[in-house]
Structures are given as structure tokens and as C-alpha cells.
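Take this structure first; my questions come after.
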Amino acid sequence: MRVDALTGVLLIPAIAAALLAVLPGYRMTARLNVVATTATLLCAVSLFFRRPPTGSYLLVDDLNVTFIVLTTFVGFTTSVFSASYIAHELETGRLTPSSVRFYHAMYQVLMFAMNLALIANNIGLMWVAIEMATLTTVLMVGIYRTHEALEAAWKYFILGSVGIALALFGTILIYMAARPAVGEGLDAMVWTVLVKRAGGFDPALLNLAFVFLLLGYGTKVGLAPLHAWLPDAHAEGPTPISAVLSGLLLNVALYALLRFKMLLAVNAGALAPGPLMVTLGLISLVFAAFMLYRRRDIKRMFAYSSIEHMGIITFAFGMGGPIANFAGLLHMTMHSLTKSAIFFAVGHVTQVKGTQRIADIGGLTETHPALGWGLILGVVAIAGLPPLGIFMSEFLVVSSTFARAPALAIILVFGLLVGLAGLFLRINSIAFGEPRGPSAKAKASYVPMFAHLAIVFAAGIYMPPALVVWFQNVAGLLG
Amino acid sequence: MSRIDFDVAHLLAGTLVLISFLELYQDRLYSLLNVYALHALVLAASVAWQALIQDAPHLYVTAGIALVFKAIVIPVTLHRMIIKLGIHREIEKVVGVGFTMLAGMGLVALSMVVMLRVTHNADPLAQEDLAFALAVVLLGLLMMVTRQNAVSQVIGFMSLENGLVLAATGAKGMPLVVEISVAFSVLIAFIVIGIFLFRIRERFDTVDLQALDQFRGERR
Amino acid sequence: MTLTIALACAAALLALAVAAVALCRFAAATRIVYGACMVVTAISLVAAAGHLLGDEPQLTATLPLGVPWLGSHFRLDALSAFFLIVVDLGACGASLFALGYGEHETAPQRVLPFYAAFLAGMTLVVLADDAFTFLLCWEFMSLTSWALVMSHHRVPENVYAGYVYLIMASFGTLALLLGFGLLAGPGGLYSFDAMRAAHPSATIGAFVLILALIGAGSKAGIVPLHAWLPLAHPAAPSHVSALMSGVMTKVAVYAFVRIVFELCGAPAWWWSIVVLAAGGVTAVMGVLYALMQHDLKRLLAYHTVENIGIIFIGLGLALAFQTYGLPFAAALALTAALFHVFNHSVFKSLLFFGAGAVLTATGERDMEHLGGLIHRMPQTAFVFLVGCAAISALPPLNGFASEWLTFQAILLSPALPSWGLKILVPAVGGLLALSAALAAACFVKAYGVTFLGRPRTPAAAIAKETDFFSLAAMMLLAALCLVAGVLPGLFIDALAPVNMALLGAHMPQQIGAPWFAIVPVTASRSSYDGLLVFLFMVMSGTLAASAIHRLASDRLRRAPAWDCGYPDASPSTQYTAMSFAQPIRRVFGTTVFHARETVDMPPPGDMRPARLTVEIRDLIWDMIYAPVATGIGIAADRLNRLQFLTIRQFLSLVFAALVFLLLVLAIWS
Amino acid sequence: MVLIRDLAIQGAQMLLVLLVAPLFVGFVRKMKARLLLRQGPPLIQPYLDLVRLTRKEVVLAENASWLFRVTPYLIFAATWVAASLVPTFRTDLTFSWSADFIAIIALLGSARFFLALAGLDVGTSFGGIGSSREVMIASLAEPAMLMIVFTLALIAGSTQLSTMAAFMASPAVGLRVSLGMGLVALIMVAIAENGRIPIDNPATHLELTMVHEAMVLEYSGRHLALIELGSALKLVLYVSLIACLFAPWGIESAAAAVPTLTLGAAAYIGKLAVSGFLLALFETSIAKMRVFRVPEYLGAALMLGLLATLLRFVSESF
């Protein structure tokens, strides 16, 4: 196959993975990891400018290029963060050199899988990729081999595989639905074809398929009540993985859902996917908001906040319409950046304080000002307070919803408020008050965290017109 | 297609559902494993038959995978594992057999109803096939829900995947992609499960999930 | 041009905030930042004043910020110019005060950046002209003030106060957000111009009114949404308390006026009833709460609630008159409200500065530990006295002028046809009078216990007079209180453009009247001349003094206090704040606060001291806030069980969801 | 010319109230004594007291502050200004427009504010008792007063005392329920405000019963004289207020010539005499009430005022 930016996005991580699997020595491998992600990022960015032609397996269009760039970017920053994080883990001996090698290899495999899932033009291929991503993350969650880690990984594995299985069944059903209209063979699984012909599909089959896909990929998105794997996986895995999980993997699954939603949207006879997504979204939002109150583990708390935001995003896309879709996209981007930034901060916090228990962390702004204020800024952003990006998306979602469906908007607002109260209940005791826990200086690079926050901040006030046009196109595509 | 083709395919698919019921009924790991092997065997047969009547040779690969891996390798390995772990005691079900059976019936009925709504312009074979496949999937899920033992859960999961394979092969002319992915996922699943069971054993000499549940998050 | 200057000033403040982060490791940072803030706000103040007094046309600007396809609109019209004056005046005074006061700050890095940002936020709110920009700046203002409340975060009460504050602030913001969502409609017409053009339907208008009352009211401190205010305002450093109490609540009033009078269409008959009732209840409850306090800053915070009530009474009257097409009466009422906005921002800042000076001099906020400060800090005592007299609405100071106007507006209300209003307005008038009288009582208590009498603690006994800058700021504001009270006509005329813009009418020109008197309607109906009253009092006072000293004796001898022959040695025998309020507590408190006094009098021969304990319950908290909190707690506990299910149970959740959806499909057709 | 004449009249009024105030107090005392079949002090006794007090030196408590010394002058000034703006024998005084009814009430309020502060200044328990009770009484009396102002202002369509008096004198005003209620409430408030029996007893120094006296306990010499004069002025003010609102006969309008003015002054003196006698009669025939009965008393006044206003609002005919 021709080697261009598109294949680069796939090949670089694959090759890097192979290399990292064999190379010894954490320092070099960490660097190599960063280099690989950088290269991938550059390739992805170049996709903005040169669109490679659409094949029957790979595809780049307005919708997924946004996701690709976001994914590769967060992947890059996370690799930078993970370098300093893993170093500390080695010192404390929580990880052995061999497991670090495994970790780096898996990291690249994960990148590969996610990129593949995003640029796949074939629903089967996309399914394979997501399955792959799931399995790699399962392995990484279990990497610490503690009881809790194993239990989390096991739970993640079981629930994830079931979800994946359901998604596969849905995929098959889509094929079945497409076959009469498109004809047998490869074409019946190719996006670009499917979207064109979706009007002629059997609506009943489409509905059935969507139910399975919604539950299957919804499990990966972490929508309640399919969310169970998410908090533990975030809490027990290495923090960089938590960042990637929250920031990227959930998005990838959501991306898949959106694709299928577009299919249903084209077909007149099929049931509207909106209400289902709206319902699931609201359930997740309110549920996660209440779950924030009784959290004792800082990483698990932010995992629940991810569920909350996935709920908001799903809700926005479910509502549909140019403004809501725009808001959904914006919210997704902002959430990825903010949540990963928060996990960067949390990673350092847990390392300097030597614990994840909220009760043992206190007065962070006294002992580690940069870290503390960074964390606060992140929480302020994630809570939807201005002048950061999520405020804009929430503003658009709520205001555009209230005029259309007041009741829904009221529930939404209620969930947001409850969630905010829950978050600050904890963050107050973490960041303020008398310092608790050790106050040794953190050997950490704050660059990724503050880079993310800076972008989020800027986006909250000013969005470059090019990006806006981009988002508006995509919002139009989503219908 | 001729009448006989349809009948045989129908028969095999139906048998698969029946065997799923058998699995639900089993309450010893040994017998469960054996029944699962049978399940895989029938799957292989049905896939092969599909390959024959659709004259799609690549389906024979799938049939082969089903035969070799699911019907032989996995049961044997799990058998070993069980011996190694020394789980000879009964599977303590969460809910009684009777109820499980009833639920199974309900699920089969449900899958029929759901699938048969989709009658027009899709060939009847595919319809039946899908209906049975859905039934198998749901039964597998039911099994995962009603069993506590990790091994039996894994078996439930794999019979669920059998249902997927059935559906995939039933979908006429579905590209190779799917078989590959299925095999691939089975493989991965197998490895991961292996790793897991191994780890789990060295941690807590049992595969009973309740032992795992004690370490659920925030119970510190 | 003016708008450009104002925006530039806001930008400068933001830049200053960023710079402060870097600066605050240096000792001089405090002086630099506050000095710069003072200069910038002074510039903006002059510009705004010029715009309002010059009655210049409204200016608009659009920056490529905010919602992309909309941009962020800014607009400087009469209303925003007036509130910009209020904001900048308060900010300028606070910065001047802080030049001295800030030196005592232990952790300047937690105050300086947020202070400048806070000022910028308030400035931008009154300039914003589209929903997004407005809410952005609004919530930014709340957020920065939250950070300032948390600046002394080692005190658990402050953290708690900040928590409550943030939740209530977000609650208000979300209410406003919903309101704007209604006004903007599904099309998302977020600019205020579009909303003005839209003419929303009656139902939408009604919803928006309620939402605005909740949203702006929770920020302004309308009872029962006031709960955060007495917690948060005192927790911040005193100059910030002054800003939050004196200025930020006014920004909330601005939001209310902007939305209700301009954006949400023609008022329905019951709107004014809602607003009036809210205002009356707020005024009386606020002052009653204040009477029960003995923490000086919290007492002042509660008085903010009271004055907000008075302002909303004026706004409600204006709304009523506007509803029934009496523009001139409406103009009178609105003028009264806005004039009181200005006055309250002046004397409340002054009083909080005084409290801050006392706090730095003695380290005490609790009045029961103060006393006799008039001897130790005479100048502070004097300016604080002026503030007390002003807020107690005593002529010839400014507080009286605006309340007098409000009374005049009430006296115009028989012209209203609505029966509900006929009944309500006099009752509200009674509440207003009651709150005014109680306020006077409360400030007799506050001043008497804090500054008069004998010091109750060593700290109070050795207090030192506060520094030059603080005094300068307080003197300035005190002078302003007098000027605004003596020459109210100037201010009323300055408010004419605002009324013109909002109501299409304004009060008669006041400048023409002899001796700067103010004449709301006609001279034969009612008029008041602060200047003349002031001159009369000065004249007759000096006349009496000189006459007596000239003709009779001017000898004077110091001696122990007479006190009916019971000279009491210990200062603890003086009246305390609690004991001073006891008669009023017995009159009102038993019903409003379930106040109960229990006397524990030991029998003769028993050595233990007699005890008098007073229990006061905050019924609003107990009945509204506590249940909500417990409800959420219970819900959280219930749901939290889901964290601890086994894998199998989670699987069955997924399974159930699947089966459910399949059933739906099976039934759905 | 006219201006000078008006100024002269304004001055005359100021002097008149100043001079008549102690006399009125003396008259009331005399009446009370007579009603109790005692001889009683001579009418001019208050003047003598004032003169003696002004001659004496001031004995100032050690920790009394400047506020304590300024307050008497403030009180006197505020009360005097207020009293001089109430029409006694002539409406449309030169400066009457400078403060309307509400402003006059507020002036008295500020006098009370500073008196209460002075009570707290020395830091004695008696001062505290006096101030806290005084503000409690005021917190109810002032709203009641304002309600009465509302009623009258609504009837007369003005808060300008001259206009109100003129309106009350005119035939336009008939007998009105709200007027009656207003009168009763006004009398009740006046009694409370001036610390007369049954609210307070100006003649006692029993610590538990006194309010006003407790506040001024530390005052002596000229300060005390000014405060006494102030309270006398206040009493006269209320009496002339009632007179000019409810018995506006004989109050001449602007155009009146000097002889008629003297007539008006005579009428005013007459009214003072009558009301003084009635006050004395009332005070001798009733006992002082407990301090904590006062709220009920004033609450009643407040309710009356509110009721009057409500009636007034609801319909023109009441």
C-alpha cells in the first residue's frame, strides 16, 4: 500500500510498538515513545491539509479528522507526562523494567488501535480496532498486579468483551440490513457506501442493529448503566492510562456510535436514535453526579466525572440540531483535554502524597502551589465554569435545549449543579485547609497539564474561525 | 436454494439453541465443558453446511477454527485448568435451574418475535439463522449472569460468541473480515483468560468471583 | 471612545491580574497592584461619568470573541454607564483603602491576582451586550470572588462559606442561563439586540421574570436566596467584602433591571406584586437577622440584604407604574431605586472599610470583644459614625434622600388601578418604614458597642488608629455621603437619561429648584432640601453653643461616672450587643427566629455563676437548605450502593438493559 | 421686602416655639399638680431650671468621648429645626418646603439616634438600659408615625405640612374613618415619643422604669439644659403637629396681615393650653405600664395607622 500521512498514522505506532517491545532501558524507550507519538501527531495534522483518497478500508473526512488530531495530540502529551510518571513508578518499584517495556509497547498498540478505529472506512475493521484497543487497555489496567488492579481488569475484560460482542452482532445486523440494498460483499460494510444507500435499508433491521450497537459501544462510552468497568479501570490502572481512557477511548467509542446514528438518521422508516441517546445521556449525567459525593478515591471520583460528561455529550448529540451538535463536538474536545490534564495533575498528586485516598490529601495549594492551582483550574474547567471551554459548550447545550424541551433542560441543569457541588465538596478538602500528607517537592513536568489547560482556556474565550467552520460542517454532517 | 439445504441449516441452528439450553442445565464444570465442546462441534457443522450451500469456501476456515479451537483446544485447556485449580465441586447457581430454563424460554421467544418482524425482502434462511443466533447470544449472556464461577462465565461468553459466528456465517456473502476478527477475538480472549485464570490462581487459589469481589474498589 | 476606554481598562485589569501572579513574590507587589488598580478604575470612572453626565448616545462594539458565529458584543448606554460608575467608584475606593490595608495581608499571592480579575469581571458584566458574554463575565466575577473568599482558607468556616457561595452562584447563573435560553429561542439569538427586537410572548416573559428574580436575586441576596451572603462576604478580606457587598450585589441589580425592564417584554399585572413582596420581605428579614448578630462584618452583610430589599421595592414600584402606563411615577420609583443603589454602594463600602480598620487594629470581628475604640481610633470612629448615620437614613445624609424618594413613590401609588397592588403597596410601605427604624436601632447597637463605652478586651484597649490610605479612602466616601445627601438634585438629574432609556420618561429637572431642593412632582406636593436642613442644623447648633458658652458657663470637670450611684468597676457590666438587642429580640425574635432565653439562676449559697443562654434558629435555613442537603445526601447514599455490586450483578444490568430495549422493539411498531 | 417679612415671620415662629416650649412643660406640670390637689411649681419653673443648669459647670464622666459632648447640641439643633418647620400660627413659612412631614419625622429620628448613642458612650449599665429600650420603642413608633403620615398625605395629596394644614382647614375634608384612626394613632405615638405616662415617666429615676432619663443620666450642666429644652421642644412640636393637622383653625395663610397673625398666635396658644390640660388629665388618670407591654401598645398604634392607610388606599370615600 502507498505510504502517505494516512498510513503513517497507522504505521508509526505499529513499528514503534514492535521496537518498544524489544528495546531495553526505560529512559530511551520513554524518549522513543514520545518521538513516535510526535511523529504520529505530525502525520495527523498534515491530514488537515492533504486529504488522501478514500479507500474501501480507510477513510478521512471532516468528522474523523477532528477525532484523529485530538487523539494523536492527547496521545503525544500523555506520552510526555507518562515519561516522568513512569520514572517515579520505577523508583518506587511499583513497576519492574520488564513491565515498563510491556507498558510502552502496549501504549503504542493502543494508539494504533484507536487511530485505526477512527480512520476505518469499514464497520468490521472498526470493530476489530476497538476490540484491540479494549484488550490492550485491559492488559494495562492490570499491570500493577495488585488485587484491586486484577479485579478491575477482570471486570473491565468481562464487561468490555460482552459489550464488544453485542457490537459485533449489531455490525452483522447492519450488514444484513445493507445486503439487499447494496448487494453482497465488501461494499455492504463500507461507510461511504452505506451512508449513501441507507435510505433503502430495512428499518426494522436497522433499529435492531442500533439497539445492539448502542449497548455495545455504549458500554465502551461508559454510559450508565453500562458504566461499571469505568471507575475501577481508571482508579487502578496507571494514571497515564486513566488519562488516555477518559480522554480518548471513550471518544472513539462515541465516534462509532455517531457514525451509526448518521445511518439511522438517513433512513426515514427507522426509529429516531435521538431519544435513546438523550435518555441514556441524562441517566448517566444525573447518576454520575450523585456518585461523586461518596467517593473516597480521587481517581475514581474523576472517572465518575468522565461518565457525567459522556452523558452530557451523548445528550447533546441526541438532541441534534446545528447548535447542539456543535456544542457536543466542542464539549467532547474540551472534555478530552481537560480530563487528561486533570489526570496529569492527579497522577503527580498521588505520587507526591503517596496515596489516592482523598482523606489523606489536603492543603495542596499550600504545599504544591503549581499542582494545587492546576488541579483547581482543571476542576473549575470540568465543572463548566468560565472562562474555560466547557462553559461555552454547556451554555450552548442548555440554552438551545431549554427553548426546545424545557423539562430535559431542567434535568440537565439539575445534574450539572449536583455534579458541581459534588466535585467542589472534595476539591475543597484536597486543595485547601490545613496541609495533610507529605509535602516533598514533586519531580514532575507540568508542561502537558498547563498546555492542555491553556488550550481549554483559549477556546473558552476565542475559537479560531477555521476550527469553527470545521465544527459547523461536522455538526451539519451529524444532522 | 433447495428445501433440503434450508432444513439442514435450520436443524443445525436449532440444535445449537438446544445445546445452549443444555449448557444452562449443567451444574458440573466437567459436564459443562463437554456440552460446550458439543456446542462448538455443532457450530462447526452448521458453518460448514453454510459454506457448502453458499459455496463460500472461506467459510470452511471458520468452520475449521470453530472445530479446532472451540471444540478441542479450549475445552481441553480448561479441563486441565480445572484439575490444576482443583475445582471439582458443584457450580453453585445463583438462581435455580427451573427459573433459568423459564428465562431461557422467554429469551428465545423474544428473539423470535424481534427477528420475525423483519420478514420482508430478506431471505427466510437468514431470518431463521439470525433468530437462532440471537437466541444463542442471549442464552450465553443469561448463563454469564446466572453463574458465579469464572470458568463457567468464560464458557458462557464463548457460547455467546458461537452465536455471533452463527449469525455471521448466516449472513450470506459477509466478507472474510468478520471471521478473521472473530477468530482473532477468540484467540485474544483465550490468551487473556488464560493469563487471568493463572494470575487469579496465584493470587487467590480459586476462580470464584466472590473472592474477587472482596477487592472491589474503595473497599479498603 | 468611552466604551473603548472602559474595555481597555478592563483589559488592563486582566493583564494586571496575570502580572500579579508573577509579581506577588516581591514585597512591593501590594502597593503596585492596588495602586495600578486605583488608577485604572479612576480613569474608567471619569470616562463613565463623562458619558452619563454628557448624556451621550449609546456606544457598541463587537469583538471576535465568545460564541464564534456571534462574537462578543459590548454596549455602553446610560444604564451601563451608571452602573459602571458605581462599580468603578467602589473599586477605586477599595483599591485606595487596600493600599494601606493590604499591607497586613499574610498571603498576598492569594488575593492580588483575583482582586484585579474580580474588578475586571464586574466591569465587563455591565458592558456585556449578549447572553454569552454576559454570563461569562458574570460567572467569572463569581469565580474570582470565590477565590477571594477562599483566600484565608485555613479557617474552616471560610472554606465552608466558599463552598456554599460557589453553589449558590452557579445556581443563579444556571437560572439566568435558562432565562436567556428562553429569550434566545431555539435559533440561538444570543445578542441582546435580537432579544430586544424579539418581543417575547407573555408566558416566556413570565418565566424569564421568575428566572431573573432567582438568578439575579440569589446574587443580590433576595430572601430566601440570601443564605450564602452573610457567610461569604465577611469571609473575604475587608476591602473585598466591601466590593462584594457594596458593588457586586449592585451588578446583580443591574442584571435584573437589564433583563426585566428591557429584554422580557411588556410586564404583566402580577410581576410588580412578586417583586414588591420579595423586596419588602427581604428588607425586614435582612435587618432582623442583622439585629441578632454580634459579628460586625456579618451584621453589615445582613444589612446589605436589607438595602437590596429596599432597592427591589423601588424596582417593583417602577414596574407597577410602568405596567399601568404611569411613566413619570415609574421614573420616580426607578430613580429612587438607582439612587439608593449608588448610596448603598458608597456607605456600605465605607462601613466595611471601617470594620476592616477595626479588624486590623484589634484582630477582632466580634463586637462583644470591642468597645471604647472612639478614644483609640478617633478618625475611624468619626467616619464610621457618618456611615452609620447614612445607612440609618438620617437627614441630611444620602441614605435618607433615596429612602425619601422611595416613600414619595409609594405615596403616588393610589393611582394604580390594581386591587392587589392597592392592598400590597401600603403594607410594603409599612415594611419599609419598619426596616428603616430597625436599621437605625441596629446601627446604634453596632456603633455603640464597637466604638463607645469602655474596651471589653485588652486588644481593644491598645488598638491603634489605622493607616493613612485607609483613612483617606474612608474620608472620601464619608464626604461623598454628605454631598449626595445635601445635593441629591444633581444625582437625580444625572439619572434622567437612564429613566429616559428604560421608561421613556424622567423626573422633572431638579437643578432649577431654589437652594438645590428636590421636587419629585410639584413643590406644593412634596419637596426636600438637604442643603437647607444641613445649614439650619449647623447654624442653630453653633448658635446655641456660642450663646451658652458666651453668656453662661463653659466650665467643665472630669469625674467618675455617676450611674445612679452604682459605679461599676468592670467593663463587662456594660451592655453587650446581645443584651442591647434583647428588647427587640423579645418583640420580633420569638416568632421570626424561635428565639428562646433560658436563665439558669443558682440558689443562694451555690457558687456556680448564673447563666443566661439565648437560642436562635435560622428558620429559612432549617426549612429550605437543610432539607435539600439531606435529600441529596440520602440519594447519594442510595445510589452509592451501585459502586459495590459484583461483576455478575453489573452484567445483569447490561443484560436487563438489552432485554428491555429488545422488548421495546418487539412492542414498538 | 416680602422676603424680609417672610424671614421675619419664620424667625418669629422659631423664637415662639423656643420660648413657649418650657412654658408648656411648666403648664402641664402645674395642671397635674392641681389635678392632684397640690400647689405645684410655678409656671416659669422650667425657665429657672434651664438658666440654673446653664450656669452650672459640666461634670463629665472620665471616659466620655467627644461624641458625648457634641450630642446635646445635635439634638437641640435637630429638634429645633424640626419644630420651627411645623406651622403654628401661619402656613407657607419661608423654609417650610425645605423639609416635609417625612423629613421632620426623620429629623426627630436622628436626634433620637444620637441620644441613644450618648447613652451608650460612658459605658454604664443604666445608659445601656435606656438606649436599648429607646430604640425598641422607636423601632415601633417610627413606622406607626410614617403610616399616619401616609394616611394624612394621601388624604391631603401632599406631604407638605403647609399644604396639608390648608387642606385640613378647607371644607373639602369631611369626616373620615381613616382620619379618626389616624388621630388616635398619632396621639398614641406622640405620647410614646415624648416618654409620657404610660410609656415612661419623666419625673422618676426608678432604674427599672425609666427610659429617657436613663439615657441622659450622665449629663449635667448646660448639656442637660439643652437636652431638656430639646425634649420640651419635641413635646411642643407634637402638640402643634396635632393642632395644625386636626385643629387647623386660626392658622393664617401667606396673605394674612400682622394683626390677624397675632390672632393666629393667640389661637395657637389657646390650643396649647387645651392640649396641655388634656395631657395632664390623661397622665393623672392612668398608670405606667410595664416596659414589655409597650410593644403591644405601639403595635396597636401601628395597626391603626396601617388600617387607616389601607382604607385610604382601597377607596376614596373613607
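To keep things simple, chains are lettered A, B, C and D as they appear, and every chain counts its residues starting from 1.
Note that a contact is a pair of C-beta atoms (placed from the backbone, for glycine too) under 8 Å apart; a residue touches a chain by one contact, two chains touch by 3 or more.
Since the structure is predicted, the reported quantities are computational estimates derived from the model, not experimental observations.
Visitor: Looking at chain pairs A-B and B-C, which one is connected by more C-beta pairs in contact?
Guide: Counting C-beta pairs in contact for A-B and B-C gives the edge to A-B.
Visitor: Please compute the C-alpha centroid of subunit B, do the same for subunit D, then give the distance between them in whole Å.
Guide: Roughly 100 Å, centre to centre.
Visitor: So, what's the distance in Å between the C-alpha centres of subunit B and subunit A?
Guide: Centres of subunit A and subunit B (C-alpha means) sit 31 Å apart.
Visitor: Any idea how many Å lie between the Cα centroids of subunit B and subunit C?
Guide: Centre separation, subunit B to subunit C: 69 Å.
Visitor: Go ahead and note the Å separation of the Cα centroids belonging to subunit A and subunit C.
Guide: 44
Visitor: Enumerate the residues of subunit C that touch no fewer than two other chains.
Guide: Answer for subunit C, listing residues that touch two or more other chains: 643, 647, 651, 654, 658, 662, 665.
Visitor: Do you know which subunit A residues sit against two or more other chains?
Guide: If we look for residues of subunit A contacting two or more partner chains, we find 154, 158, 162, 166, 208, 231.
Visitor: List, in ascending order, every residue of subunit B touching at least 2 other chains.
Guide: In subunit B, the residues touching two or more other chains are 114, 117, 141, 144, 153, 212-213, 216-218.
Visitor: Strictly by the criterion at the top, what is the full list of touching chain pairs?
Guide: A-B, A-C, B-C, C-D
Visitor: Would you tell me which residues of subunit A are touching subunit B in their complex?
Guide: Within the complex, subunit A contacts subunit B at residues 122, 124-125, 127-128, 131, 135, 138-139, 142, 145, 147-148, 150-154, 157-158, 161-162, 164-166, 168-169, 171-173, 175-176, 179-180, 184-186, 188-189, 202, 204-205, 208, 231-232, 235-236, 295-297, 300, 357.
Visitor: Give the list of subunit B residues in touch with subunit A in this complex.
Guide: So the residues of subunit B touching subunit A come out as 114-115, 117-118, 120-122, 126, 130, 133-134, 137, 141, 144, 153, 157, 160-161, 163-164, 167-168, 171-175, 177-178, 180-182, 184-185, 188-189, 192, 196, 199-200, 203-204, 212-213, 215-218, 220.
Visitor: Which stretch or stretches of subunit B touch subunit C in the complex?
Guide: The touching residues are 94, 107, 110-111, 113-114, 117, 138, 141-142, 144-145, 147-148, 153, 209-210, 212-213, 216-219.
Visitor: Looking at the complex, which residues from subunit D come into contact with subunit C?
Guide: The touching residues are 51, 54-63, 65-67, 73-74, 76-78, 80-81, 84, 95, 97-100, 102-103, 106-107, 109-110, 112-113, 116-117, 119-129, 131-133, 135-136, 138-143, 146-147, 150, 153-154, 157-160, 163, 205, 207, 217-218, 221-222, 225-226, 291-292, 295, 302, 305-306, 309-310, 312-314.
Visitor: Touching subunit C in the complex: which residues of subunit A?
Guide: Residues 154-155, 158-159, 162-163, 166, 207-208, 211-212, 214-215, 219, 225-226, 228-229, 231, 271, 276, 287, 290-291, 293-294, 321, 323, 363, 365, 369, 380, 383, 385-387, 391-392, 395-396, 398-404, 409-410, 413, 416-418, 420-422, 424-425, 428-429, 432-434, 460-463, 465, 468, 472.
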